[in-house]
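Chain lettering (A, B and C) follows the sequence in which the chains are written, and residue indices restart at 1 in each chain.
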């Protein structure tokens, strides 16, 4: 995917008795933000645990920054993990929890590092309330703070947007983009696909333990040649436009929805885009809206996991 | 820091050990546990008070320390705290925050054993010592303190290990205490040397002019065997922790 | 305007058919509880603990029967008596009680299932009756199982009672087994009603069974407290009652052995009722929400 892979998985499999959670997955991830997507039970969390050295692959190998995270404890200094579970250390405050993380990472001034990390996620370092009294969203931000406190070059974020309100999600997405832009390797899993889209376009899609797709999701969409792209057009002369486009061969399917809306299926979105304006001019049709319906990440995701 | 290099800094052993130790002390010391174990300790003092009225108060005190103290108070208190030291972290899926750190894996189990011991001794050995003093058996008090403290150390190692090895660690610990320590220990001559209570009773036997029901061996050997059991427990816990998949 | 169009309701449908009585719900939950506690219908690892405890409880019976069958010229006095048996398996009884009642009660509170149960035809009292039935039924495996096994084996080996005495012995076994099961179930459910953590409940059950014995006997033997105080040593009072039911005398002269049979019986029944009342009171006050 990139010229400088930070995380490399080679033919990784993991099974628990008769249950195969991850099956023969290979990928490499470089700097920037990469989304790891998949339905529930796809093996994402298991994959994340192996990337962090918390679980041993049953087969295959994982390398983070060129080293085995399971065998080499020092790799943990370069990894920050936001795990999926919601539980927290009940006796601790947010600052105490993040300071503990900083201390165990060997930072010289754990208290200052913790305060800085908490401020980065818009939490008050001087708050003396214990973690169980925090809302779900606040706890999630504390988890992100403890993952960032030691300035890791690799961030593994398992559902980091869970429990956050829309504004907090925007802030968190902006933070992750910035971290990815700084050259860190950020790998995120999430179900909130429209926000994952805002993080970047690199994706890994897992389904039933296997890697179903990898790469830029726009390019993945273009590869989905057995499924025409659907484009919605709003115009004052839908029938005339539809007929002309089909005749020109740029649309392979047409659906009329009401008096103004036209849904076109095409195998060549670029050709359709070039043809649309001239054809509309010929037919004296006004174009009010042209909108691809399944070129987004959700469309790609649905296609990939349902195959 | 280079974004492509592994940074080799790690905390000093003392820093990380103390951090784990302090955390585990805070997670283990809860009001219900303090009240529960404290209540059991108070009952020990009450038993000591009853022993004062016995014709042979020193023997009665020694029987109380041996029976109630070493048979119930110390093992159950250590069971409750020791199995939960790391066991609760596993059950609550918090171990991940302590595992993904550039820290050798032996440190967390070591801190757990030390933290368990730190909490158990004041709540069990001290009340048993007070019980013997209240019974008017000062010589028994010193032996009680030694026996209970060393028993707590051995049990701490065993039960911290159980908390990592077994899902239902408390129940296995109960089976160990009830069947192995309280039945098998008394069942045959020589069986006591395979039990913690047997060796702890050997230390109790240091008290002059009292008989103890169980004696696994000499008190000098007990000073070595009981810490060795604790170390064995710590090693078993470390071995398992190193190989476990962390949730 | 007339139309052939139809709108069909595919959603929730009420049920107007016959419904079973609440007793059916009670029995269903009791059966479910018993199966859950024994690990039936669950993975193998859920069966390990109950199997081990039951095995420990049956071991003396197996050895006694094997001895009776394999050794010549065995007389009844050489074998484990019925009265002795409860005392011998006292630790296994405590372990089993520490497993059964916490497993039956605690997960419902921890997971929120209690709220779901109470949203149906089971009110708090019916819920407790169902759970109690399940727990007692499982306890019968350990309080009746080994004794019935011994009876059958001794009869087949020709060492058992005569045909005329067998029904009487059977009644005694049932009486001793039922009373012991009720006592352990009641006390362990009372302790389990205080917490949603199985581990804490298990430790609490064992402590409740053994700690009073130490304190009470110290008070009696050292400080001259009255023997009636030994009625607080619930397990040993139950063991002593078992001895009396079988017309036997224990070897050790514990304080409870000096009390009258009525007092001992009353003590056991009082402990059963006290445990049940504590459990009922705790659940009456419990807020069942998640």
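In this text, a residue touches a chain if its C-beta (ideal position, glycine included) is under 8 Å from a C-beta of that chain, and two chains touch if they have at least 3 such contacts.
From a predicted model like this one, the values you see are computed outputs, not experimental measurements.
**Q** Give me the fewest steps it takes to get from subunit A to subunit C if each step has to go to a chain it touches.
**A** Between subunit A and subunit C, the shortest chain-hopping route counts 2.
**Q** Could you compare the number of C-beta pairs in contact for A-B with that for B-C and name the larger?
**A** Higher C-beta contact count between the two pairs: A-B.
**Q** Greatest Cα-centroid separation from subunit B: which chain?
**A** A
**Q** Which one chain sits nearest the middle, judging by mean Cα positions?
**A** Going by the distance between chain centres and the overall C-alpha centre, it is B.
**Q** Round to the nearest whole Å and give the separation of the Cα centres of subunit A and subunit C.
**A** For subunit A versus subunit C, the centre distance works out to 53 Å.
**Q** Taking the mean of the C-alpha atoms as each chain's centre, how many Å separate subunit A from subunit B?
**A** Whole-Å distance between the two chain centres: 47.
**Q** Measure off the straight-line distance from the CA centroid of subunit B to the CA centroid of subunit C, and report it in whole Å.
**A** 30
**Q** Where on subunit B does subunit C make contact in their complex?
**A** Those residues of subunit B that touch subunit C are 32, 36, 40, 43, 46-47, 49-54, 57, 60, 64, 67-68, 72, 76, 79-80, 83-84, 167-171, 174-175, 178-179, 182-183.
**Q** Could you please specify the touching residues of subunit C with respect to subunit B in the complex?
**A** 45, 49, 52-53, 56, 91-92, 94-95, 98-99, 198-200, 202-204, 206-207, 210-211, 214-215, 218-219, 221-225
**Q** Could you list, by residue number, the parts of subunit A that touch subunit B in their complex?
**A** The touching residues are 4, 6, 31, 49, 52-56, 65-67, 72-79, 81, 83, 85, 87-92, 97, 100-101, 103-106, 146, 151, 153, 182-185.
**Q** Which residues of subunit B touch subunit A in their complex?
**A** Going through subunit B, the ones touching subunit A are 1-12, 15-16, 19, 23, 26-27, 92-94, 96-105, 243, 245-247.
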